[in-house]
Each structure stands twice: as C-alpha cells, then as structure tokens.
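Following this line, the structures themselves.
Next come two complexes, and both contain chain A; in the first it sits with chain B, in the second with chain C.
Up next, the complex of A and B:
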C-alpha cells in the first residue's frame, strides 16, 4: 500500500520532472525591423510581373537564384518599364498611375528607386504619351552607357523618345523617331530604333541631349517574310535578334553605324517551320560561355507567342546546337521567359505560364531550384 | 456596309501613298484616329504573304497517320477562344466580361484605334476583315484570356500588332478587354 502510494506520487511528479529537463527556455520578445538587402550578386535577377489579371498592379521582384529566395519587391504600376542604372545603385521605373486606382487623374511618372532600400527616392512626371507595350524588352526604357541620360519611349501612336537628363531630373528633349520603335542604347549618347521597313534608325545626341545626327541603315530582315521579335538580347557589342522562323540576326552597334553579322538559324531541315522560337522573352545570352538559349515550341504560323516546351542551347561561335533541354510542361506549364546570368558559372532563370520559376545550372541544364508559384505573370527578367 | 468598305479601300489606297513618304507612318496613324485602323496589307489574308509557303503539314499527314481526317468541329461559342473571329486577338474576351464579341461591357469605352486581322469564317468559307478594338477605362477583366496571333506582327508594324495598348488614345487608357468587329468581306 505504501509502495503503491509512492508510485502514484512519483507518476504525478514525472511530467514535471521531464518538463523541467527537456523544455527550452521561453522565446525572447521580438522586435520588428526591416531587412536590408545583402550584397549584390551576379546570380540575382529582377523579375517583372505584369499582373495580367489586374494590370494596374505590376511589380518587379528581386530574387536570389543561389539562395532560391525572394529578397524584395518594387511597385511598378500600369504598363511599367524598368531599367537599372549602369552603376547599379538606382532602378528607374516608368509607369502609369491613376488617382483612384484604376481611374481618376492619370499620371505618367518616372520613379527613381534606391537599390539598397528598394524605396523611391525621387520622381519625374512625364508627359501622358509614354509607350504602353506588352512586349517588354530592355529597350522600352534604357540608360545611356554612362548613365547620364535615360531614354523613355513614347507612343501616341506617334513614336518618339524622351531624353531624360538624370542629374538634372528633367526631360531635356523629345526625339521624333519617324515611326521607328524602342531605344537601343549604344556608344555614349546614341540609340537605335527598329523601323517598319526592317531598318535601324540611329540617332546621335549632343552633350545636352539634343539630336545631333540621324542615319537609317539598310534593311536587315524581311518584315513580311520572316519578322524579328523585338525582344532582342543585349550582347557585349550590340544585340541579337531572332526571327519568327528562328534566324539569328546579330547586330554590332560598337561602330558609328550598325553592322549586321551573317544570318544563321536555330532551325534547319525538317525542324524549320515546325519548331519555332516564341513567347515573351525567348532569348538569353551568356558571353563567357558563348551560349545562346532559345525558348522553342512545336507550332506553325501564328504560334509565335506560344509557350516553350524545350530550351535549345547554341554555341554562337560555331552556330551548333550543344544541348536540347525538354521542360516539365505538365508540372509547370510551358516556358514564357528565359534569362542567363552574366558570369562564367551562370544560372538560367526560366519563368513559366503557370507562374513557376525554375533556376537551372546554365551549363548542364540541371534544375537547382523550383518556385512552384511566384507572382502571377513573369513576362520579363533582367540581370542586375 | 458597302459604304464602309468603300471607305476602307479609300483609306488603304491612301496608306500606300503615305508609305512612300518619310512621314508615312505617322500619317497612317493620324488616319487611324478616324475610327478604323490603317490597312497596309489589305486585302491580303493575314499570314498568307510568306508564312503559308513554309507552313507545316497537318500533324496526321506528317506523322504518316490516317489520310481521311474528320473536319474540325466548328466553334460557335463567342466565349470560346477558338471562335473564328478571334484569330488574331490577344487579351480578355469582352464576351466573357459583360459585353459581346463586338460590344464593350457596361461602363467601358471602345478604343478609337485598332489593329486589323483577317479571319476565315468556317460557316461560309469567306475571309472577313476584323477590327480588334479594345474596351477601356477599367482594369483588366480577368476572364477568358485569349491569345491568338494569325498574321500578327511585332510592334514596328503597328497596325498588325496586338501587343501595344490600343487604349492609348482614350481618356482613360486602362485596358479592360478586347472585341472583334466584322468590317466586311476581304477581297481575294
């Protein structure tokens, strides 16, 4: 009986004893704070989400492909354009806002975002003529090479380019581009625009940002037979276009006039016309590896915005295809945008129609990280 | 309708003249502001110019499959992306947003400038000129996304491009949805 009472008492004590020996001390009170961005990495990417189902709420995500982690976000408004300053300190965001969300007084504004805090640190109100285009490229809003000027494209539908003097925070000129679109920067203070007849219009500015000269190139593609996508990819000497049928048009903009390399194709034989490049951002380039990455799908005429089922990888020196990477379309949807980082051990970012983001080793195609769903419509990605 | 078509032919002829001048592109868009878009390729069927020559064979024939293939079912639902008038549309179908295939939803405004397509009506075999106006003034509808691009060209050929915001000249250029309005039978 005594023994039984002792055992009962022991049993009652046991949980307290166990609790005392295994439970950690209570958590310390937390203090709310604000994260600071870590040091920039070549493996980061800016991801532009057009928010297709609610277009007035676009945004730019900052993403770390090594960590597989979203680092922060910038608000982008409606039909926004994005550019980063050459020194990496500032993001320029040009977008439309209304005083009542989707209606009310319209403001076209260029906002300067501090890239360390991701907060606006200034703005410039633009005329209500800024180009609102769904084909997002690095050339809708682009810095001059030295960061002195920012070229903001207009469409009313008359096409022009507003030249913004960054230090003065003022639009100093509006250049009529004669129906030619986009502003592809080259040299110090020069930009080129793509024309309806397959030519490049090149405008050179003087020291104050005013037009000093303009020149029209020979046609470098046939608009009717096989047009090029406007979503060209920048290269060290200029940029590379790809056509609806997969012809590669590399353009050297380092000289006084554009120089067009010999055309080569990513499709040949029975593939030509059956496999095509397409979707939103169908080209990526990595200079150290000489690699061109192309989003490809099976399809016929009119399929040029179809999502990709494969990524084809080419050596731009030999023009040979070095890899063909099928995508897990059933799981993630087809690919709509691709971006290679600029370093020699590059990552390849792939965004899909189901809002997934894949981070691949750009040398092997191995998937390093998968975000099953990030945002809504990642139509464009850009290197820091 | 005949008067409207005559007007279109007149505009097309003018556009040819305008394209010969340095300011041709701008001129054609000033013209587009009259209510219908410039028709630089009229009356050629979209996509027929060059891409038809390299069009792939039908999948069954290419794969060595059955030669007698049942004709595709004709889609008659204007809420379906496959509906014939939508052959070059890119956006939300207004028919799913409170409008119809050719009218805007309540409270929105049609865009006065448009891009132009030519779509074949499977019911009568005719090619029709179709004006793809946007409906503007509210944020994106969010229902029935439809992206088809027969004969669509990049934005440097703007009158055949469906990527630019065609609400750009409206008082409120907020894009809501897209309609397809028959302008008339295309000349062969």
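Up next, the complex of A and C:
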C-alpha cells in the first residue's frame, strides 16, 4: 500500500513537472497592422491565380523575382479582370461575386486597390454583363494612357466596352463594338477590338468618354486558315499576336490607323505544323533585348491549349531563333504562361501546369529561382 | 422590374421611332432572352448570332417561312448559315419551354417592331407553334428546312 501511495503521489506530480519543463517563455506581444509594400522593382510581377478548383476565389499575387518572395495578395473573385493604373498607384479589379459565395444575388464590381497596402479603397458596381474570360489578356480591363478612363469589356455574348471615368468613379458610356472583343488601348483616349473577320475595330473617344469616331481596318489574319490567339503581348508601339501555326503578326497602334508589319513565322520546314505555340499566355516580349519568347509544344491541329515543353527565343529584328530552352516537364508540368520583365537585365517568369513558378535569366535561360507550387493555377502574369 | 420595362420601352422606341412597341410583351421576352446574342436591335452579333431583322419579315410572308420561324424558336438551329454577307456557324438553343402565345408574341415583335414587315403580313398566332410541336425535329433539320425556304424565296 505504501508503494501504491508513493506511485499515486508521483503520478499527481508528473503533469506539473512536465509542464514546468516544457512551457515556453511568454510570447512577445504582437502588433497587428498592414505593412506597406517596399519600393517596387522592375523585376516584380503580378501573378493571376484562377483557382481552377474553386473558381470563385481567384487571386492576384505580387511577387519579387529577385528575392523569390511573395509580397502580397489581392482577391479577384470569380473570373476577375485585372489592370494597373499608369502611375502604378492603383490596381483595378473587375470581378463577379454572389451574396452566398457561389450562389445568391450576383454583383459585378470594380474595386480600386491601393497598391501600397493592397487594400480596397473604393468600388463601382458594374452592369451584370462584364466579360468573364478564360483567355486572360491585358485587354479585358485596361486603362487609357493617361489613366483618366478605364475600359471594361462586356460579353453577354454581345460585345461592348464600358468606359469608366476614374476620377468620377462612374461608367460614362457603353460602346457597342459590333461583335469585336477586347479593349486594346492606344493614343490618349482610343481602343481597338479584334473582330471575327480578322479586322481591328478602333474607337476614338471624346473628352467625356463618348464615342467620337470608329474605323475598321483591313483583315490582318485569316480567321479560317490560321487564326491568331487573342492573348497578344503588348509592345512599346502596340502589340504582337501569334497564330495557331506560329505566324507572328506585329501591330503598330502608335499612328492614326493600325499598321500591320510583314508577317514572319516562328516555325518553318519540318517544324511547321508539328511544333506549335499554345496554352494560356504563350508570348512574352522584352524591348531592350528585342526578344520574343514563345511557349511551344509538339502537337497537331486542335492542340492550341496544350502546355509547352520548350521556350523558343527569337530576335524580332532578324526573325532568327536565338535559343531553344527545354523545360523540366516531368518535374513541373508543361508551361502555361510566360512573362518577361521590361528592363535590360530581364527576368523571365514561367508558370506551369503544376502551378510551379520558375524565374529565369531571360538572357541565358538559367533558372534562378523555383517555387515548386505557388497557389493553384497561375494562368496569367503581368508587369507592374 | 420597372426598370426592365423602362429599358424595353426605351429600346423599342429607339428602334421603331414609336412611343411603344406594337408587341410589348414580345419586346420584354426578346430583351430578356434573345438580345444577349442577337443584340437589343436584332442586328446580330458578327461571328456568333445572325441578325433576326433581315429574313424574319420575309419568312412571315409564306406558309413554309412561318413554319421556319416557329421551328427555329421551338427547336433551335445548328450548323453553318449565311445571313446578309456574313457566315455564322453556331448552335441556337431551343425555347420550347415558353407558351405558344408568348413565342408568337416575341416573333411578332421581331417581324413587325424590329423587322418592319408590311401591314399586309398576318401576325403569327399560337396555333402556328402548336402545329410544329407535333413534329419534333432537331436543330440540324431546322437548318435544312431553312435552306429550302431560302431556295424558294422569290
């Protein structure tokens, strides 16, 4: 019995002993607040995660490619469109929300995000016909060059563009684009849209945001023979499209009317029709190096959404391929999006099917940083 | 719903020049169900949905043309067609869930308010749709019938 009492006393003491030896020192008090982002770098990128398995929860990540560090995040709702103001101070996010998450009352809202804190600082409710687009481009939601207007595309599927006066926080006009889609900004207050017959519709606005003039270009590609991807890449004077077979259509929007450069191709000989551009954001451009980066895969007709196994690098002056960079598909999946930073020592961001993010030296193709998995489905990336 | 009615009235006034559409119920049905593809004026959406104001007024002048109108809304249409100068190749959905009288009303809005058919043309009636419900066809057959109607056009 004496031994039994001793054991019972020991058992009673044990928890206290264990607690006394494992309780950590008190935590330092936490100060809850919102950090401000540091001064931006040319090597940052916005990464759009479409959240494929739960589409109502899209996000935009802010990422520092030099540090290999996620800096912050913005909510993008359902099928959101994203644009940054020309002064870099504001992000505009146009998205769909339902009052009960995935059901209930539908609201289309344009949110203005403070780019220092990534907090919403205002909003504008839009008509329930905003374009919800799977093929994400910079032209679903785009600022005018001076930041005065924001062009928000609609598709019901009837196509139009809502013109938002940013200072007034009001939609001041809706421009019927006659079946032509996107709003590719140019000049001061002008945008172009791609038409079903291979033409560009260009609409010029007056000082109040109303339509002042419109003009239709000649066809610049053959819709039936070899259509272009709508995911064009912006260039200093306009934008560059690529066709399903790999023909490059550079468009200069700096003049009074669109000017179409001579078409050249990234494929020739036995490669043509066997190697094709594809996936989501298949083009990247860097002006200082004159480089066009193309996501390429081996495939036949109808494979235009297939992920890439290689990145082909072209000099846009000579039209010569200067590099061919195979990707580690077994490890990361094929590439679905590519983005070059705008500076003269550029980084190349590559997002893959497994939502890996690779940061490459855009001159050599050397992998500088790898995120094995960032978010869920990185389909689109944009320069700050 | 008042703003919907106001919108419909505004559209109708804009396209017809009149204060109110002749077929107001049809106008409301059209704007709520058809305008998303065919646009509020019925002028169509290039590359997607053809204009409804070009052929419908002429279809309403003949027996087979009126059958074509009824079949199109009851069973949809599938396959390539040419309207005006443009080609379209899509699948129009069917609208058989609507009552016959409602379908007559919306087509009369298309034929008379949007398409400005001549006064001698008789409005469509619910019976035109009831007859077509007996002979169920698919969208490809509706397109084939359209081809024969177009071939018979004077």
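By definition in this document, the second predicted complex is superposed on the first by the 350 of 384 C-alpha atoms of A that agree within 3 Å, B and C clash if a C-alpha of one lies under 4 Å from a C-alpha of the other, contacts with A are read in each partner's own complex, and residues count from 1 in each chain.
Convention: a contact is a pair of C-beta atoms (placed from the backbone, for glycine too) under 8 Å apart; a residue touches a chain by one contact, two chains touch by 3 or more.
In this text the structure is predicted, and so the values were computed from the model without any measurement.
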Partner touching more residues of chain A, whether chain B or chain C: B
Partner chain(s) touched by A:268 [first = chain B, second = chain C, both, neither]: neither
A:54 touches, of chain B and chain C: first, second, both or neither? first
Touched partner set for A:208, first chain B, second chain C, both or neither: neither
First (chain B), second (chain C), both or neither touched by A:117: neither
Which of chain B and chain C A:305 touches, first, second, both or neither: first
Contacts of A:194 with chain B and chain C, given as first, second, both or neither: first
Touching partner for A:103 - first (chain B), second (chain C), both, neither: first
Chain A residues contacted in one complex by chain B, in the other by chain C: 156-159, 178-180, 195-196
Chain A - residues contacting chain B, complex: 52-56, 78-79, 96, 98, 101-103, 106, 131-135, 155-159, 178-181, 194-196, 222-230, 244-245, 272-274, 300-305
Of chain B, residues touching chain A in the complex: 22-26, 29, 32, 47, 49-52, 54-56, 62, 87-88, 90, 113, 137-140, 142, 145, 147-158, 163-165, 168-169, 172-175
For the chain A and chain C complex, residues of the former touching the latter: 156-159, 176, 178-180, 195-197
Contacting residues of chain C [partner chain A, same complex]: 35-37, 39, 44-49, 86
